[in-house]
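What follows are several structures.
Heads up, the next two complexes both have chain A, just with different partners, chain B and then chain C.
On to the complex of A and B.
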């Protein structure tokens, strides 16, 4: 156990700073002289940093290194997948999604399918994914506080939950783009600085490896009975799940147009590629110096334990404190961003109209945070990165088919999308619940339940396509206009149509009474 | 650990089992105590009529007719019920649409529809069928009349033209005509709302142009260079305000128009006018009704700062608030009696303060009643105008994308 003071100070400082920024807000303030600058949107670099800052969660900061420590080469796919997801997003989704003008995935469903029911179903799934994604954040916070100061596991979770509640309920998180952009660089620094010190130390110590590095299971990919399936399923989940994360989609709204959205995505790819080199090195160093964690099963703590395992004295405490601060920054930024997105959807679509707007939003936040804490108590310590990947699996089985088919296939109908969302969502959620409950099915069912994406995502696609083909008569009347809007660059002057779900009667294409040639003299 | 996991799995199973049971109990409770058989029959008819009515309120189309006939058939208790517009059969419920290749009753129904649309009266046609199992012999057709013109017909096909069925078909047809008339009214009402929006938008530009031209006119003799600069700014602004396409624009574009407007105003005010913008970057892409913020700023300049001799300050702020963006325009000018502002928003004040009520009307018409302007003011206390805009409103994105 390290000296607790440094760690405690670091965590408290990060929490207070985040609270202060969240409650008082950092607003971009400009005077008349640079009016022109103020009326410009933030550039792709800031936006990409903001996405990176919000996206890099406990799973990336702690979990990825922990999995590399315990599983070796196969766990590299977590980092690769979390980055490559943006490649799929870039090529197939980013620009059309921005052009749709959707702020949430529910908005997209409503716009493309012209159906209130599809909106409702999407909102439920957004909340589901949000809670599943919040779960490992809270879990990681508990683990971090335990490692830093020896606090009981629930303390850190409750601390993060409380800070998030205060920030969101106080109406904060207003100018989050700049704050979140700062978070990326904070997280990167918090990982890079200690790593540099540790690498220098390793070189000085002779740069030696360790026997546990040369275990075939660890160093060679695809070892084990169902490894091939597990790796491919992981790839499906992470490659396709990224586009279905509520907080990522909300960030794309900040881009001024589709082109900027693509550029932002390229920026995110670059930033994430740099970041994800670090957990790998931590994992390898951990294999050399912190192998005891593999035996005790607490591999998620490797990033935090490594400094005290390699160095001694105040220097190690300082590095641990810095890493702890970075980890807390990761939990807080991801959790508050997610809580805002999910509570927004929940209050708008599910609680709508119960009371006034502000109270709805606060109630929604409390519900989301509370549900996550309950789920945390019920779950059985799945590794942080695994738990995040389960949220990706649900996203890949629901919103990935919705977005890809919705953007690229005009045949998608509301009944098709809803049945696909329900089928993919139910199957993947069932598998996730089994995994979270620590249930290990015998035989082939084991890996199928542990990494469900490889079969639930195709089921989601198949059901959407199948039901859409059967209900081909119920294509949204404005689908061609919507397609024009999604795929035409903004500077082209074309009719992007008009659609209003509140007034389904306003459809000029379907006259209620025939005029002109069909008009008959009234004789009755 | 294993003990805990078993408990959790058991709990999940219990929850999953309990849900359908709870749903059954709820359903049973809702349907208990519905009275005698006659009462229930009445309720069933009303329910069917309600469902059919909902479909018909969308107007007479293939999809609405298909949904409507499904509820109309139990209402009429005929083996086949169909709706037609005289050219095709739009909706058909029941057997006999086609027995086998080349043999169908929809042709018979269509012929009956044409005949009844031509003479404008209910009629009964005999049909023949070579399929020995088919016992349908009579088509009852009643025209549907909206605004005095016959736009379609309702058909019941049965084994015989029973008098009660003819009477019921007639009653239902009259009721359907009523629903379709309501649909037509709905359609016209939304057309009127759109025309009103366009008219309101047209109102805003001339108002500003008049003010800008008088400002420039003041400089033409004393400072021709300045006047020329201002005319060029004015030209830029009019290009924005005369744009043909789109009712909506990104907040960033609207701010740019405000900058051009303020350049014109600052020419008159000189150092007396200071403006601060606090805009969260993620709010710049929100779509606002075109020229909705500029009249508010103009109002702050004209009615807040102009009557005041000391320098004035305007603060424009935009913040995210959940799924909405909150925009506020605050000035430290002379303020106004809240009752007069209320009168202006109600549209009973003089034409000079047309800006605020116009913006208020357009916001309400676009986003709904909850999105009206909020004005906080008192004499001598300055004015703060709050505007709430949803980040995503399907209508707001139908128009032009940001012009960048």
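On to the complex of A and C.
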């Protein structure tokens, strides 16, 4: 165990710094829309960093290296999938999603399907995915504080929950955009610096390997009887699930237009590509120096334990402190982004109808954070990266078909979309709950439940298409107008319909479709 | 021409349809390239077992591919997509501006 002071100081410093930026940095959250998105005044570099900062969660910072340490080559697919998901998002949804003007996936459902029921169903799934994704963040925080200072497991979770609550309630999205951009660079630094020191030390020690590096079922890919299915199912979940994550969608609204959304996504791809080189090296070094974690089953801690396993004295404490700071940055950024998105949906669609929207938003944040803490107590400790990937599987089975069919196929109807969301959502959630509860099904059902996306996502698609074809008469009347809105560049002066996610705040004089400054005369 | 789109005339619909088709075709090309490169790796590892054990520059080939080389491929595909997606849109805008 390291000296606890450095770790404690590091964690407290990150929490205070995050709080300071969040609460005092930008004091402009006057209107409700500031809470939801940063009024679209954020530049592409800041925005790409913010997306990266928000996306790189406990799973990327701790979990990816942990799984590589225990499972070897097959675990490399997690990092690849989490990056490739952005390529799929870029190619199929980035620009249309931004052009839709939707804050949330529920907004998108209502805009495209012209149905309040579709909106409600989407909102339920947003909350479901959000809580599933928050769970491993809080779990990782507990693990980190335990590793750093020996605190009981709940302490870290409660600390992160408290900080997130204060930031979100006091500043909303605007403050979080600045915080998130800062978090990406903090996380990258917190992984790169210790790694450089550790690699130099490893070279000096003779660059030795270890016998456990050469075990065939670790170093070679496609291990185990169902490896082909499991790897491809993981690919389906991560490649298709990214676009359906609530906090990712909200981020896209902060781009100025669809073109900027595409360019920002390229930036994100670059930032993630750099970041995901690092967990692999941590996993391999961990295999040499921290193999004891594989025996004890605590591989999620490898990033934090590696310095004290390789070095001694104050230097090791410093590196551990820096890694702990980065890990906390990861929990705080992802958790606050998710909390904002999920609370936004919850307050708009479930608590709606009361007088004060800002108060609803705060209440919703408290509910979401509280529910996650309760679930944390009830779940068994699945590895952090696995737990996050299960949330991807639900997103790939629900919002992925909704977005793809909604954007590219005029034939999608509200009954079709709702049936698909319910079918894909129910099946994938059932599998995820079985996995989180630690249930291992016998025979072929085992892999099917452990990694459900490869069959639940096609079911979601098939049901949406099938029911839409049967109910072809109930196509939304404004679907053509919506398609114009989703696919034409913003500077063209065409009618994009009147949908406005801010409509409840009654600002009809300022439709989102035509943004005054860039409007230009019609050309005929 | 943009009034044709506003009026949702047959011409307007055809214009929009052509833009959507071009963008979807481009997306399909990029996704096929993704499937043919990154997506094919597990299948290659299974069908050609030698690739699981091969080394390049002292690093096991699968680790070199999945840990490093996959990322420039993803970035390259993204760059390719953005370039041609913007070109498609510029073509659409020129079409509307005509007359």
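The rule is simple: the second predicted complex is superposed on the first by the 476 of 524 C-alpha atoms of A that agree within 3 Å, B and C clash if a C-alpha of one lies under 4 Å from a C-alpha of the other, contacts with A are read in each partner's own complex, and residues count from 1 in each chain.
FYI, a residue touches a chain if its C-beta (ideal position, glycine included) is under 8 Å from a C-beta of that chain, and two chains touch if they have at least 3 such contacts.
This structure is a prediction, so every number in the text was calculated from the model and none was measured.
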Have a look at where A:254 lands relative to chain B and chain C in the superposition and call it first, second, both or neither.
first
For the three-chain arrangement built by superposition, which of chain B and chain C touches the greater number of chain A residues?
B
In the overlay, answer first, second, both or neither for which of chain B and chain C A:263 touches.
second
Which partner does A:232 reach: the first (chain B), the second (chain C), both, or neither?
second
Touching A:116 in the superposition: chain B (first), chain C (second), both, neither?
neither
Quick one: is A:201 in contact with chain B, with chain C, with both, or with neither? Answer first, second, both or neither.
neither
Go through the superposed model and pick first if A:474 touches only chain B, second if only chain C, both, or neither.
first
Once the two structures are fitted together, what part of chain A is touched by chain B and by chain C alike?
491, 493, 522-524
As the complex stands, chain A meets chain C at residues 73, 76-77, 80, 83-84, 86-88, 90-92, 95, 219-222, 227-228, 231-232, 235, 259, 262-263, 265-266, 269-270, 273, 276-277, 280, 408, 480-481, 483-484, 487-489, 491-495, 522-524
Can you name the residues of chain B that touch chain A in the complex?
1-2, 4-5, 8-9, 11-12, 57-63, 85-86, 117, 120-121, 143, 145-151, 180, 183-184, 186-187, 190-191, 245, 250, 252-253, 255-256, 259, 262, 266, 274-282, 284-285, 287, 317, 319-324, 368, 391-392, 394-404
Residues of chain C touching chain A in their complex?
1-3, 5-6, 8, 13, 16, 19-20, 23-24, 26-27, 30-31, 34, 38-39, 42-43, 45-46, 52-53, 60, 62-63, 66-68, 70-72, 74-75, 77-79, 81-82, 85-86, 89, 92-93, 96-97, 99
With touch defined as at the start, can you tell me which chain A residues reach chain B in the complex?
25, 27-32, 35-36, 38-42, 46, 99-104, 107, 110-111, 171, 173-178, 253-257, 340, 343-345, 347-348, 357, 361, 378-381, 433-434, 436-439, 473-474, 485, 490-491, 493, 496-507, 510-514, 518-520, 522-524
